[in-house]
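Heads up, there are several structures right after this.
Common to both upcoming complexes is chain A, partnered first by chain B, then by chain C.
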Partner chain A sequence: MQRIDTQPTHEYQGYRICPGQPFPFGASLVPGGVNFSVFSRNASYCVLVLFEKGAREPLVEIPFRGMFQKAFSNEPVWGEFRIGNVFNMTVLDLDHEAIEYGFRMDSGQPRAAAGQPAFHRFDPSVVLMDPYARAIGGRDVWGQKPDWQAPYPHRSRVAFADFDWEGDRPLEIPLEDLVVYEMHVRGFTRHPSAGLDETVAGTYAGLREKIPYLKKLGVNCVELMPVYEFDEFEHSRWDEQQGRWTKMNYWGYSTVGFFSPKAGYAATGRTQDGTMVADELKNLVKELHRNGIEVILDVVFNHTAEGNEQGPTISYRGIDNATYYMLTPEGHYYNFSGTGNTLNCNNPIVRDMVIDALRYWASQYHIDGFRFDLASILSRDQWGGPMANPPLLEALAFDPILGKCKLIAEAWDAGGLYQVGSFPAYGRWAEWNGKYRDTLRRFLKGDPGESGAMSQAVQGSPHLYYGRSPTASINFFTCHDGFCLADMVSYNDKHNEANGEGNGDGANDNASWNCGWEGPTEDVSILSLRERQMKNAMAMLLVSQGVPMILMGDEFGQSKQGNNNTYCHDNEINWLDWSLKQRNADYHRFVRNMIAFRHAHPVLRSKDHLRNTDYVGSGYSDISWHGTRAWQPDWGGRVLAFMLCGRHAKGGMSEDDYIYVAMNMYWDALPFEIPRLPEGSRWHVSVNTGMPTPQDIFEPGSEPELADQGNCLAGGRSVLILVGRSAGP
Partner chain B sequence: MQVDVRDDAGIVLIEPTGDIDGKTAPDFQDQVLVRVQPGARIVLNLARVPFMSSAGLRSMLLIYREAKSRGAKVVLAQVNKDIRGSMSATGFLSFFVVCDSVQDGMREAGG
Partner chain C sequence: MGFSISVEGGQGEATIKLVGELDAAAAPQFKEAIEKLAVDKPQRLILHMDQLEFMASAGLRVLIFARQKMGADVSLYVIGSRGPVLNTLKMSGFHHSVYLQDTYAPE
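And now, the complex of A and B:
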């Protein structure tokens, strides 16, 4: 049966139209045409601007209010296509693949002067991108020089929503069982050493080709740095001397559109076909899922690419500045993001947009979870004040479609709000645990007096997350922001000169240690210590309760030359150098086996906080604390030892080995007295970072029995891990 | 859209000319589907198709599915590098048998 509302009611310059539907916002394919719907509370006038794809000048500009022609006649007729504050219109017989669209808006009020504060910034001379655009053109191929004079640089496109998922669903792996790999889509396969065809290097399709590598590494979740459409040329400069672009927005923490995948990350971006770009990303998600790997997106809802009063008008500020942004009483942009503006996340309209976007990604792209950049901004009210009960965070925590998604907060912002341990969680939110990172770094480099803090960290930071779960803690030594692991053991200080800001950018407090020499060295003893420290770090991370996260490149010790803020480098500093996999094969083997160790031992992956008691009657507490003497922890030193009782694995519901971990961050070897096992069980050596490969780690099941069951020696700055199991028949 | 069809020793050779996109895909699909008879052996020669959009990919998938449900077999031949790249990146390629030449395609379809 045909719908009766697919018949045109009006005509405008040969385009047949009819009143549209206000929901959903954006451009949607409907029977016979395309429905356009856009909100503005403060605009009194709106025009739909249609372009032939890529054309500079519009094909037609159809007002949402004015004189039209009656359909199928020459009679003039008044028309207004608006319900409430939503302009909506269906244009019939459009070839959705061949067009791009935008809006012009005005309020009839005087214009805001460029660079000056203002509440409204309407400017009908500018064509505005749709905030709900499901596909955005203009930066279709990464790094392809744009037309700087283009009147409409970021162009909304219509995308078709269907995809053949072949039964795929989000994986819903329990959070405590995840090993997260934080990665950059382009950086993962752009380096020539990735060995991919030029047409797919640095793309979603390229990432897909490397899934077997990820699987072998053992990670079961990739966290993709921003893949929402952004402008890699924002703040870029052409360097004549180097003959290439510098200061690229490589990381992508500056959203242009919240509903559109970054076209420049798609091998199919060159087709300028938004649906195909979406297909490519969906296909990547489907293949990752097929291989047991979840996908978390790093999402940036704290600000947009429009900057401050001086910035470009792309969309939001021209559509409804006072709705989309937090403004001071004078009309300046609040800058809690450190990038010029702050998205007004707890305005009801913007809140809905954020929820709509996440629902869209969860349902249409099968995304398994989200990590929210500078998430503390999402807890601020419209005037910037932190709220005890922020409606957006609550709504996300209880959203039906996001009900099984991982929600992870970067629980601080650039305005001084620091909420690690106190982020409004509603029983759902996890946090990037910056305190875990700092504690482990200090302990690793041998700072005295950290063992007490370490004991909290390895338990999933119950001191921070009491009443929550260890999984509230996303544990990490390194992430994209700050030193990578190789640099953390090779530099005392940041070396960000290449960023062109006189080494003034990036964090100064890195809790790093260069092991005796700043930067590259040929000194074998220093190099060996650095590798051991990296192994120690991986061992500590992967035996901690909570959710471990590993930074791309750390699994084979890639350096970023001491730069701890590489946001602007689209080059070898950031691109993963696959040749290191061979060159650092011993270390890489260690990391792989350490991940396997975590997967093999449920006792490391508790859903609930350890109780420090024996509640299953095994004779051992779920976790017990030791020092160089068994049962005698030393809370003031550089040593920590603990034992996990396998009979308490998964709250006593699972059976596992006993695990004993001795961390000696003192510079000399120390003897450790080992707690006794129950009758019939024997200690076996799983990990000893003080030993050369292959004795540094043994694959699960092949661990040799420890000769002296009562004592062992842990080398200086070494981690020893024993597994206790029955000696066998 | 121009779609040439001929029977060659029990194999239906279908040869479209031009881009398969939002404009042409519905017509292309209709013209091909009438040839997808139960048990048919079909070679789709894409040598004269310079570009295929997402709408084109979808019509190909619908043809493939229809063929499967009717017990027919569709083989692609002479797919250019760009289209092959798009099909590979988006996963559509995995649904099809693709042959370099029409001869190979005929052999494959007949086998």
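And now, the complex of A and C:
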């Protein structure tokens, strides 16, 4: 039996078509053909342009309105394939693997002059990428020089949904139990030291091969820097003398298509017409899940790759400029993103697109969560003003399909909105806690008077997130933006000359300290201090309540040569150098064991804020504060000590050891009086960053007992962690 | 180089031998063969690929189709795949859904 709605009604140059379905937007496989659906409020004219894959000239251009032939006859017939503001058409018998498609649109109004402000920027001479394209061709192989004159550079493709997930589901690990690893897909395995075959180096498939490493490191979540289709050649610079690209859009914070995976990150992008790109990424997600590792995507919804008035027309501005972008009353692009334009996220159409995209990634790619780049932009209204109750953020917080996804905001934007602690959260959103980072960096380098702020930070910043959870706080010392950890302890100032902007780009205030010499040195005492400071940082991070995040490379102390804004370097500055794992083996061992320490101790991973009282009758508060004298914290100095009562672990629902942490950021050794444990329990040394390896950290279960149970000595600039447990059976 | 396919049904076991280049034009033949075999509900489907030089995505999609059409109870064996064909299977993760063997040895 044949379905009536898959029967052609019209014919155009040999292509049989029928009225399509408005939902879902984009190109979808339907029985017998492909359904195309695209929104434009202001276009009066739309044409579907079909290409053979990779071809410069179209196969056919089918208008959504005009004279057609009746199907199976030569009789002329009028046709208009539009419902409301949505153009929709089904084309039957298409070889959907072999084609690419786009649209032309026009409004019948005078054209906007190039480079001039305008509300509408229709240009029927340009073929437009589908905003809902699930696969995009044109940059299939990373770094392969494109044809700059190509009339249709970013090409919509039809995607498949036949991946065999074999029962895989998102892991739904509680947020408080995560250890996040922020990473770049290409940078992770592109360096020759990764030891991978050239065909998979720097790809999703390459990352998959390194999953055992991540598992051994102990992280249970990877946060992938942008993997939506972007153009690595945006603002790229070729150096004729050096014969190489000196600048590329390496990080990828500039979206071309919100529904499509970055084809150039797929090993199969090179060989399989792009049709296996999605499968390769899905396979990576499946394998990560099999190994207990979640996947969070860093998503960029604040702007697109189309830039300002001078930028290229790829899709959105040619489809409906006034809908997709925030415009000034004069028709200029608002620039809250610092990149030329701002996506009009609280316009209902754009809001739906954002939600549709995230639902698509959550359901089709089994993504566990999202980190939103410059998320504060998402709280601005259509004229740029911040809203108390932004509809997009509310909709995402309450979305049924995203109901178990982690939602993480970078709670600021380039337009001056800074919302750390005040981001509209609806009980769902977590934040990159920039204040945590700044406090810990200052405390680490020995600034006086930070211990009070530190006490808040290690508790999950209740001063910022009162009424929320410690998990609202994503804790970090370093992220892709700013100094990496090795540079944070090796440079006082940024050194961004390689970016070609006269060292003018990147943040100036880094709260970093070079330990006595700017940059590389042979001085053993400085090198040793730097390593200790990195260990101190990892220890502080991993004993803090909240969600720790570690930057790729920091686990073995990779430097970025003092560059704190490496967005444009597709080279050794950014590529992970795996040989450091051996060269810095002692430090790497410390990091691995420190992560294991966190996993071993539920008392470090509270879902609710600590109460600073004893609510289980253990005789100890859930957290108590100390200084060099027990029970006498010094809120003005460079020292902080605290004790966590294991009987309060997970709100008293779990049993754990007592944990005592002494942080001495004073330059000299200090004696610490240790609080007394309950009868029958003894203190054991878990971590002492003042000691050389392997006495710097002991694997959980193998900690030696502390000789003097009442006092200990913490070396200058070092962290001491003791675990208190019963002396034996 | 062309493409040829030979199919053998047996007791609870079906064997397909793929030779040459499995491109988009050849894929429908392969798919048709799978559909026919699925009717007999074999317990094992053995795909000999030692003489398969190339597999386009269309061919891979038929493999995915086969996996889903046959159902989880049917064991799929991919025998003797090599070179670019093997690479493609691995990158797309399909090798996890099947037994990948040099010579056929039922598990």
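To be clear about the criterion, the second predicted complex is superposed on the first by the 723 of 729 C-alpha atoms of A that agree within 3 Å, B and C clash if a C-alpha of one lies under 4 Å from a C-alpha of the other, contacts with A are read in each partner's own complex, and residues count from 1 in each chain.
As a working rule, a contact is a pair of C-beta atoms (placed from the backbone, for glycine too) under 8 Å apart; a residue touches a chain by one contact, two chains touch by 3 or more.
Just so we're clear, the structure is a prediction, and the values are computed from it rather than from any experiment.
Look at chain A after the overlay: chain B and chain C clash there.
When the two structures are aligned on the shared chain, A:57 is found in touch with neither chain B nor chain C. Residue contacts after overlaying the shared chain place A:162 against chain B and chain C alike. By the touch criterion stated above, A:96 is placed in contact with chain B alone, chain C being left untouched. Residue contacts after overlaying the shared chain place A:267 against chain B and chain C alike.
Legend: residue contacts after superposition of the two complexes on their common chain; A:198 is shown touching neither chain B nor chain C.
Within the superposed three-chain model, A:668 lies out of touch with both chain B and chain C [touch as defined at top].
Of the two partner chains, neither chain B nor chain C is touched by A:509.
Within chain A, the residues touching chain B in one complex and chain C in the other are 95, 97-98, 160, 162, 164, 199-200, 203, 205, 208, 266-268, 271, 273, 275-276, 279-280, 282-283, 286-287. Residue ranges of chain A in contact with chain C, taken from their complex: 95, 97-98, 160, 162-164, 166, 199-200, 203, 205, 208, 266-268, 271-273, 275-276, 279-280, 282-284, 286-287. In the complex of the two chains, the chain C residues touching chain A come out as 24, 56-58, 60-61, 64-65, 67-68, 84, 87-88, 90-94, 96-97.
By the touch criterion given at the top, residues 95-98, 160, 162, 164, 199-200, 203-205, 208, 266-268, 271, 273, 275-276, 279-280, 282-283, 286-287 of chain A touch chain B in their complex.
Residues of chain B that touch chain A in their complex: 21-23, 51, 53-55, 57-58, 61, 85-86, 88-92.
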